[in-house]
Structures are given as C-alpha cells and as structure tokens.
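These are the structures in question, set out in turn.
Look at the two complexes coming up: subunit A is in both, with subunit B in one and subunit C in the other.
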Partner chain A sequence: MLKGMRRLISKVHKLDPGHVLHMGTQAPQSLAAHLDSQVSGQSPRAISRTSENDPAKHEEQHEGQHYSLPLQDMKTIFPHGLPPRFVMQMKTFNEACLMVRKPALELLHHLKNTNFDHPAVRYVLYGEKGTGKTLSLCHIIHFCAKQDWLILHIPDGHLWVKNCQDLLQSTYNKQRFDQPLEASVWLKNFKTANERFLSQIKIQEKYVWNKRESVEKGSLLGEVVEQGITRVRNATDAVGIVLKELKRQSSLGIFRLLVAVDGVNALWGRTTLKREDKSPIAPEELALIYNLRKMVKNDWHGGAIVLTLSQTGSLFKPRRACLPQELLGKEGFDALDPFIPILVSNYNPKEFESCIQYYLENSWLQHEKAHTEEGKKELLFLSNANPGQLERLCAYL
Partner chain B sequence: MAAPVMKTVRGWSDLALGVRSAVLRLPGLSQVRWSRYSPEYRDPQIDKEYYRKPLAEQTEEQKFELELRKTQLIKAAPATKTGSVFEDPLISKFTNMMMKGGNKVLARSLMTKTLEAVKRKQFEKYHAASPEERAAIERNPYTIFHQALKNCEPVIGLVPILKGGHFYQVPVPLSDRRRRFMAMKWMITECREKKPRRMLMPEKLSQELLEAFHNQGPVIRRKHDMHKMAEANRALAHYRWW
Partner chain C sequence: MAASCVSCCAALSCRLFLGGRVNLARRQVLWKAAAAELQTVFGSQILRLRHTTVVTTKKNVASLRCETYTVDFIKKQIEEFNLGKRHLANMMGEDPETFTQEDIDRAIAYLFPSGLFEKRARPIMKHPEQIFPKQKATQWGEDGRPFHFLFYTGKQSYYSLMHDAYGKLLNLEKHKNELQAKGLFSEEAKTKDLIGSRWLIKEELEEMLVEKLSDQDYAQFIRLLERLLTLQCGAAEKEFLQSFRRSVTIQSKKQLIEPVQYDEQGMAFSTSEGKRKSAKAEAVVYEHGSGRIKVNGIDYLLYFPVTQDREQLMFPFHFLDRLGKHDVTCTVSGGGRSAQAGAIRLAMARALCSFVTEEEVEWMRQAGLLTVDPRIRERKKPGQEGARRKFTWKKR
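== the complex of A and B ==
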C-alpha cells in the first residue's frame, strides 16, 4: 500500500502542484487537453508563431502556428475580401498574422499538385459560422499571389444580390440587369490586385461599347478595365469581357488563373432585388451573376476554382444551414457537381492553445484572470473553440 | 409568519458576501423593500473558491458555516450572478443601469463594445508612443473603467431640506453606495444626452471613460460643480439633523 502511495505522490509531483485539486473535479477527456496545454505552456513560448512566411513551404509541422504577412502586400493582394474584424485586428496589432490550419494545408497540397491540362478543379470550403472559411480562402489567395497566379477574387457573392440602389437594363442583353456601382468597385479592386497582368494580356476580339466607343482586338485588358472604371454605365459589361477573356486565355498557358468566390451560394439562391413593377428578379437575370456562373463552370483549364459557402449574408436560408446541399440548393449543387468539399471546423486543443498564446503575446488579453488556467478553461467553454466566437470574447477581456 | 429571529447564533457577524442587514421585523412596522423569502433563508454563496478549500485550511467558524449551510434553507441565486472568473459586480451594475425596458442583451453588448473600444484606442496610443511613454499607458479596460468611475465619485453631496416653507440644498456626507451610484448615473446621463446624433453609445462612452480616467471631461466637471455648490452652501450644514 505504501509503495502505491509513493508512486501516486511522485506522479502528483511531476504535474504542477497547484493543479492537484483541479484534477479530481475534471472529466477524463478534458484531462488530456489540460495536460497537453500544460506541457506546451511549460516549453518555450514560441509555439504560436512560425518564421516560415512563405505559404508554399507550409507543412503539417506548422499546423496551429501563426505566420505573418507583410502589411504592404496586404494592400495589394487584399484590397477587398478580408473579414472586417480581421481588418480591425490588423490595425490594432500593426501586423497581419494568419493561422496555418488543416483545411488550408490540404488545399495547398492539392493546388501544388494540379495538372494544368485537366479542367479546373472546384474546391468548396464549408462549415459552421465563424470557423475560418474566409481566412482559409485568404491563405490560399496569398499562396497563389506569391506563385504569380492571376487572382479573380469576388469578396462576397451576397453583396451582388441584395441592396442594389441603381439597377439598369443591360445594353448588351435586354433581359438582363446591370449593376454599375458594384461592378465598378470590383473592377477598381481587381486592378489593384493584378496590376502587372493588365499590361500583359491582350484581348482577342473587338468589343463595341456604343456608337462612338469601341475597343479593338489586340489591345490590353487594362484598357477594358479603365473603361469600366471611368464609364460606370459600361462597368458590368467590362466585367463580363474580363471574365470571358481570362477564361479563354488561361488555357493558353500564359498565366495561371485562380477563381476565388466567397459566398458562392448567392449565385444560385434568391435575390431581394425587384423590378419597377415589384416583381422579383432571379439571380440569372443579373448580368454579373450570369457571367460569374460561367466562370465557375469547369470547362476551362489552366487554374483552379476555390469557393466558400456562407450562411451569414445569405438570403432566405435558415441560420443552421451550413452543408453544401442545404446552402446551394438543388440547382447550385448540380451546377457545381463534381467538386471537392473541404470541411472547416472549430479549433482543436492545440490550435486553441496557440490562438490564446498569440493573444497573450500581443497583450490582447488584458484581464488578469485570462492569464490563469481557470480563465482559459472558461474561454474554451464559452467559445466552444469556435475561432470567431473566441475572437469576439477576447476583444473585451 | 415566523417569529423575529434573534441574533444569538454565533458566526453571523462574519458572514461573507451578499448579506442583507437583518432588520428586526417588529409587528406594526411594514417593510418598504421586502422579499418573498422569510427571514431564515440565507444568501447563496457563489464563490467557487469557498467550496474548494481543503478541510485542513478552514478555521473553526468556516467549518461551522459549511455544516450549517447543509441544513439551512438557502435562497435561489439570481441569474446575473455567475461563478465566472471574469465577472465584475461594478460592470454588472453599470450594465443594469444602462438597460432600458429589460433589454439586457442590448445593454450587455453595448458594455462589451465599449470595453473593446477603450482597449483599441489605448492600443493605438501605445503603438504611437515612444518606448518611455509606453510604460505609462494603461491598456486594461477594466482598470480604466474602475479608475474612471472612482474619479467621478463626489466626496460630498447635496440634499434638498424643507425648512420654513423653502427647500435649501444642504451639504451632506454620502455613503459609499450612493457615491458609486451617482458616478454611474452621471456617466450614463452625460453619454445619453450630450451625444451627437449619429454617434453610437459605445464610442461616446469609451471617450467619456478615457477622459474621466485622466480627470478631465464633463462628468468630472459636474463632480467639481457639486463640490463647489456644497462649499458655497456650507452655512446651511446645520439644517442637517442626522
């Protein structure tokens, strides 16, 4: 009996003596997580960051660690498309750090092994609200930008199907509608992100804007974009031309094309826009949506298509819907079929610990109790390891 | 109804938090604020640390307390008091005072957004400051909140007393809870009334809290006005009879 007691006491002394009391009240499965966090807590505090800032070199060993992106690059690569809370965090910390997570690593592995002669593969990131789909998409975009791909990034599909103040009848096709404001804003951001390609790509067809203006075959794509930005009436048609030309020319092999759409379920849902006679407009009657649907079809090669589903901005979808079938509907699912679904889930214990460590390093968690084990357990409980919730909780602690 | 409880039970004098002052219920005197609980009900002990103390560390009285609680009737704990480590009674009280129409969700979200706004402003200042000034910048929104409200508390108050058909503002000492209440009330009224139309409450509140933390701003000025009035009416202090 005494030998048993001695072994027990020596085991107890191996752990931190202050936590002896807590052990007795904990359930066995959280014990493993607790020990994990203790072990990582006692080792040097470098686990939350990695010095590997090139997404191409991210491997499983970097999983859970944050890598920093230079702020100058953020302005060129992401003129739009970052979640607003992340932008606030970037401004507060004066740095942009993304966590390397499994879904992004999986996607990177697929992208590195793409065969550019086969049709473009569609990857769909799906998951619960706040799990990190948009930021995983941003990780992929950063990787592709570093590899010199042409990035076609639509920041939020839902913005194009709701709250449009000025809807014009399209000059190209009488049945469809133009959205000059949204199109011109998007063209401006597209120009910022892909400056160098605009002076290299030449269009292969003549397009006539109106009786006096036209753009000849062989002129630069930059001209089309300029025309769209300056003449807001033709912006939607300019977007259509850009999409058509890029799709045609990516197969030639001059550049690699990445089509990244956040909130792709907007393309096949319903809109809240109405005609003058108050009858609803279907998404395919909007020229932007019509052209984007053609882009997302896998009948071209020379790149990849990465899509994200989002319930947050969606229209007429229940709050709990997060699966592809629920959010895309029959029409959307059939249009996107076949695709590779990638689930983005909540943080596992290692990632959670890393996130808390990152906040502690930036002194973001100012509350005294947040540094203690009790505080961390409570944060885990309150947020359920959901990245979005954890960020909102830590904001006021 | 139970007979008035006599205070002969030992250990009542060192009851921990949440004790109501046990007023003797004499027949003929009706309570102004009364509860549905009869006098033998005891207040609940929310603190987790109290129950986690090992037996060896507890004093005689605490052991007696624990034994007593096993048999005594205990009131239900209010929904707002959690066993959370992040709970702060002053923040809860402030949130309740900000609440309108029972909309606690809105009041709490305003409070959390205010704390976040305070934190972000301080971080901005921190990053803009030189290394020598950085040590002086306080980034913890909770310390700023507590210090700001403490700075707003008046030392002496005024009470209208009727004498000879006229009401006179008589300077009077204030209890701790009255002072805390006045500070919070002034802060909330100031933010509600003097706010520009399109500015949201968290932004205005964070601005006022930061100014009060540095002993500037309209709430501090109101406190000083109160002190000046009290000083001016010093002669009327004799009208107070308590």
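== the complex of A and C ==
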C-alpha cells in the first residue's frame, strides 16, 4: 500500500514540479486524498490510476481509472476465471489492475442495495466481443470476496459442453452423464477460493457414495469436496451435492452466495459431445449442466446471480450474435426471464485515454508515435475503442 | 501510276516497286536481246515482272526465297478492296462515295458477329497497305548490279537518309557563312513548331525505312536532326524536319471531383464508388462527424475483424490527417474481404476529394489512393496446374 502511494507521489511530482508537498507531517490516507483532489483538479489529463483499492468504495468519480489488486488476493480469489490475456498481462506488469467502468459500477450499486429476503436477482452482462464482460465479472467477484460472500464461480460454461475426453454414465441417474475431469478441476479451484467456508458449512443430509463410503449428515462441506477431488469418479456428484447444499443453506442467512457464471449461454445451447453410438447429447443430459441450471433459477434467496454471455466459445452460433435473445435461444431466455440486462460497450473517450495512459506508464507502448495525438487517433480508429482489440494492437507496439 | 509513284517517293525510292525499276531501267544499258521489248513504256511493267519470275539466276534466288507479295498481287488486292467497299456500302444502304474505314468496321462487326475474346482474331476488312507488311523490292537488276549506290553498306535507306540530311546541313552552313560574310546574317527567334511534338522513336524510323537499325544508328540520326534544328532553316528543311516529328498528346491529369451534396438536415456529404477485383463499393462521406464507419449497416470493427482491412480503411483519412472528423456509411458487395476493403478505400478517397484542396487531391493521386488497382486474378493456362505453377516435374 505504501509502496503504491510512493509511486503515485513520485508520478505526481513529475506532473507538477512546482507543487509543494508536505510529506512528512501528514498521515498517508489523508495525503492520498489530498493528492487526489489536488492533482485531479489541476492537471487536465485524465489520470489512469486511482488509489482506491476497495471495490466497495468505487463511485462515479473513479470511472475510467485503474485500481490495483494485490497479487496474493488474486491467487485466492481467482484460481480460475481470469481471461488468459489478462493473466499474461498480470505476469508482465507484475501487478493486476482493473479499470472501473460503468456497467460494473451499476452492478455494484445494485448489489449493495439487494434485499436478501427476496429471491436472488439475475444480472446478465452482454455486449460485443472484447468489450470487457469477463473482467467486469471479475470486478464484481472481487467486491463480493471482500464483502465475505461465498463465491460460486464457473469460469466458462462452454468448457463443460465441448471437448470432454471421458464421459461416464452417471451413477446417481442412469440417463445423465458425468464429466469427472472437469468436475474435479472445478472442485479444486472452488476449494482454493472458499477455504474458510468449507470448514463452517455443514451438510444437512446423508449422501451415499457407494456400498462402502458415505457422508453423514452434519459433516463439513469440506469433506464432500475432498471426496470429490480424491475420488474422481464421484466428482460430478460431489459438485451436485455442493450446489444443492449451498442453495438450501444460503436461504438460512448464514452466508451470502454469489453465483457467477461466465458463458452462461452454454447451458442452453448444443453440445459437441456424442454418445458411443454417435448420437448427440443434449445439455440437460450432462449432470453438471443440469445442476447448474437449477442453481441459476431464482427460487432461493440470500445472494445474487451474475451471468455473462459469450459468443467466443459458443457452439453453432453466428459470429455477430451478441444479444441475449440470439445467444440464449428461446429456451434459455425463458429460463432466465426475468433478468436485468447490463450492456457492456466499448470505451468512451475518457476510458480510452486512461487505458493508453496506463500502458504508457507501464512502458508497454514503445513506439515513438504512441505518445503523440496522431498515434492515439490511429489506435482509436484501428481498435474503434474496443478494449480487446486495443489490447491486441498494443501488444505489437 | 508509275509517274506519280516516282514523284512522291523521291528520297526513299526503294519503297514502291515500280518507281526505282522504271528509273533505273531507262538509265541502264540493255544487255539482253529481249531488252528491245523494254523500249515500249506500257507493258514494260508486265514484261519486267515476267522476266523476274521466269529468269531464276543465282542472284535472284535469294529474293525468291522469302515470300514476296508482288506488285501485281498488291494492286489486285487494292482493286478488290475498293470494289468490296462499294459492295459493302450498297449492302448497308449507305453512299459508296463517303464510306469511311469506321463505317467498314461497323458494317463488318454487324455482318460477322464474333464471340472471340481476342480482338485481333475477329474478322477485319482493311486496306491492303495495312494488312500486308511492307517489303523491300529486289535491290539489284538481273545483271546482279544493285540499284542504289549505298547498297553495299547494308542499310542503304538509313545511310542515304543520313547522307541527305548531312548534305542539307552543309548547305545551310554554307548559306549562313555567305550571309555572315555579307553581313546580312540575323539571329531569328526559335520557332514554336516543336512544342507538343517529339522525335519519332526507333520503331517508327525502322518502319519508315523498312530496315533494321541499331540503337547507335538511331541516336546518331537524332543528333544530326538536332544539329539541323540549331541552324536557321528554309521552308523545305522545315518540312523535312517535320516529317520526323510526331505530336504528343498531353494527358489531362484532372481528377473528376464529386460535387458536395446536402441532405435534409443540412449536413454536407459526398458519394462515390470504388472497385477492386470483383468487389464494388459505394461510400457516403459526411463532412462533420466523429469517425464512425458503418459497412452494410454493420460497424466496421465487426465487419472487418482483421486489422489489415481496418488499416486499409484508415489510409485515406490518416494521409489527410482527418482521422476523427468524418462519418462514413458504405455498402459493398462481391469480392473477398481484402478486395472489399480495397474497394471501400478507393470509394472513400474519391469522396474525400470534394472536401479537400486541389493540392491535397494531387498528393492523394500521387500516393495511389485514387487509382483503380488493375490487378485481376490471372487465368489458368492449359498444361499447367495454375496460372504459374507447373505440374510436378518427373524425371522419368
């Protein structure tokens, strides 16, 4: 925290050499506030960073600015779920910075004012490719993690409906299929993200794995998760148990539950998986998908459901489809109705400027023309203020 | 006909068969007994020809080896052509007297419609002078003695031309010296006849002399003509020089600039088209805007996911430094993604001409933004796998 402050102070020094700072006498927080107001008042150029690192306190004034997340937290909160390019950027810059944007702010505002006695509200983030839906979701997850919610984060729904090597017939229900690998991987990550809850929540029913093993009523949820990780054959069922228990218990009010699913249109689309006789499998025949659909229904209270649509990994959907109606299909739309749609669009000029400043500060843009106005105009034209495209373009400069 | 030929080809006497022959025939000593028949003027041509066809001495074999179109043959062709022209005019219901070559071409295209792609393979009816290549007559008589005194140089017409030109030069210098001696010499201003014309090129000179020349010969000739130019010439010399000048048409570099139109809200815009390969595009560029581009109703970022295509679209605006200042709506069809990008680029550049100064239009033209890209997919040839790729070569 102090190191970040010092960096910010030194940068401000470069901006306003004539400005006199009283360094030693004042306390750090007030100094930061003082600096913020002073500098934002004086320099017309948008500053790309803010020192407000708590998502709960992000307001409209922070819009367009980057805030940094501590890397330790990143490992715990996001064992999975970050876009791969962002992970690479994190590794390069040695810091994780997210931009505060309007859709995320809107969602935060809604979440802060949720009434936990009402059924869980569904929020759907949709938009063109590369506009920042997944990162907005990550912003929300960070907020909820800070607020001590239990986070149920499915990184990509599409991973569960394609490229599955081993499909087993489910032991629980003969008609459904198990996906042991995906389930066990997800359970591992879930465990990393929510360690402390696993030792607090107790299951309220007895589950029998097979003739010799069973889980008693009243034992910890952590045990179920362990069983799923060690015995890969039962991983899918473990996931199903976890989901059922969490849904049941969040209504009791012990904890708040956030269900965050990226690529939720995979749940209602088509799969590329086939049975042994080459007939296609519908999504509901996969146990993981079936349980997840139950989770996303709003018949429980005590939390919120935040979903993201994604065309990038979707199967059998045209490239330009980005609206909920197109990507979810009739079935999905009816299942998710009613929901609050939140459009994530391209950068506005202030955000674009801020992004370029961030890259310049990290010495990411090495081209001489990157500092100049013409260079910025070129980048704006070529990327049309699309965050994903801008990131890919800047990778070459 | 013989007399007219002689008069018009005084300097270049070898072109027409008859002129030289009749001249030299009169001058030569008649060696054979049959020469007595040559005294008669009329029929001399026919007799002359009869001699050449019948008497195949060793010296005449060389000329008979290459295919010559004899004078009779050419004359017959010309008569047939004229007759045919009149018949054609009658057929088409036009006046035979005023039937020009363009009319002939149109009539032939109408009567013999051809679907051949190669224009030169279609039926034509032209004057025999244009169809049969010009050939040199036999340069020597039946006794083997050449007619022209410079025959043994190898390029007799060229050297005779040089000789004449140099003679003229010497005459002019002599004249100038005489005038200077008398004190009547006066510097004249340079004439303006030479503006808009160029010396004839080597191929044209070769065609004129019916002889092969080398580059050095041609250069020497031009140098001689330039030297003639520097001196004051009389009317005859001027005519002589003009026969070697060809006019140069000045290509108009004016770009067609679209007029600016105004729509209902009073916004100024300009429309134009462009194409590339088989893609056709039409662009509407608005004068004031924020740099949004819509292609077929879709945002250009979604329509062209590849950066290369978007760079092509950026080129006209970036060149004129007007990146965020115009709004564009365009429609495009045909071609592939790169061709469509190129077509839109051309259309946008043409539309931008109406908002931009003339100098900047000239810069755009020099940058190649306003030229239609003529590259087309090359045809696949038989015997090859593709346009250039040959089949795999197997040694056995």
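Annotations
The definition used in the following text is that the second predicted complex is superposed on the first by the 352 of 397 C-alpha atoms of A that agree within 3 Å, B and C clash if a C-alpha of one lies under 4 Å from a C-alpha of the other, contacts with A are read in each partner's own complex, and residues count from 1 in each chain.
By definition in this document, contacts are C-beta pairs under 8 Å (C-beta built on N, C-alpha and C of every residue); 3 or more make two chains touch, one makes a residue touch a chain.
None of these values were measured; they are calculated from a predicted model.
In the superposition on chain A, contact of A:384 is made with subunit C only, not with subunit B.
When both complexes are overlaid on chain A, the residue A:88 reaches subunit B alone and has no touch with subunit C. Of the two partner chains placed by superposition, A:208 touches none, neither subunit B nor subunit C. Looking at the shared chain after the overlay, A:128 reaches subunit C, while subunit B stays out of its contact range. Contacts of A:366 after superposition: subunit B is touched, whereas subunit C is not reached. When the two structures are aligned on the shared chain, A:374 is found in touch with subunit B and with subunit C.
In the superposed model, A:395 lies in contact with subunit B only, and not with subunit C.
When both complexes are overlaid on chain A, the residue A:320 reaches subunit C alone and has no touch with subunit B. When the two complexes are superposed on chain A, the residues of subunit A that touch both subunit B and subunit C are 374, 378. Across the interface of their complex, subunit B is touched by residues 21, 88, 92-94, 363, 366-367, 369-370, 372, 374-375, 378, 395-397 of subunit A.
Taken in their complex, subunit C has these residues touching subunit A: 291, 298-302, 305, 307, 310-311, 314, 317-318, 321, 323-324. In the complex of the two chains, the subunit B residues touching subunit A come out as 52, 54, 84-86, 112-113, 115-116, 119-120, 123-124, 127, 139-142.
Within the complex formed with subunit C, the subunit A residues making contact are 128, 319-320, 374, 377-378, 380-384, 386, 389, 392-393.
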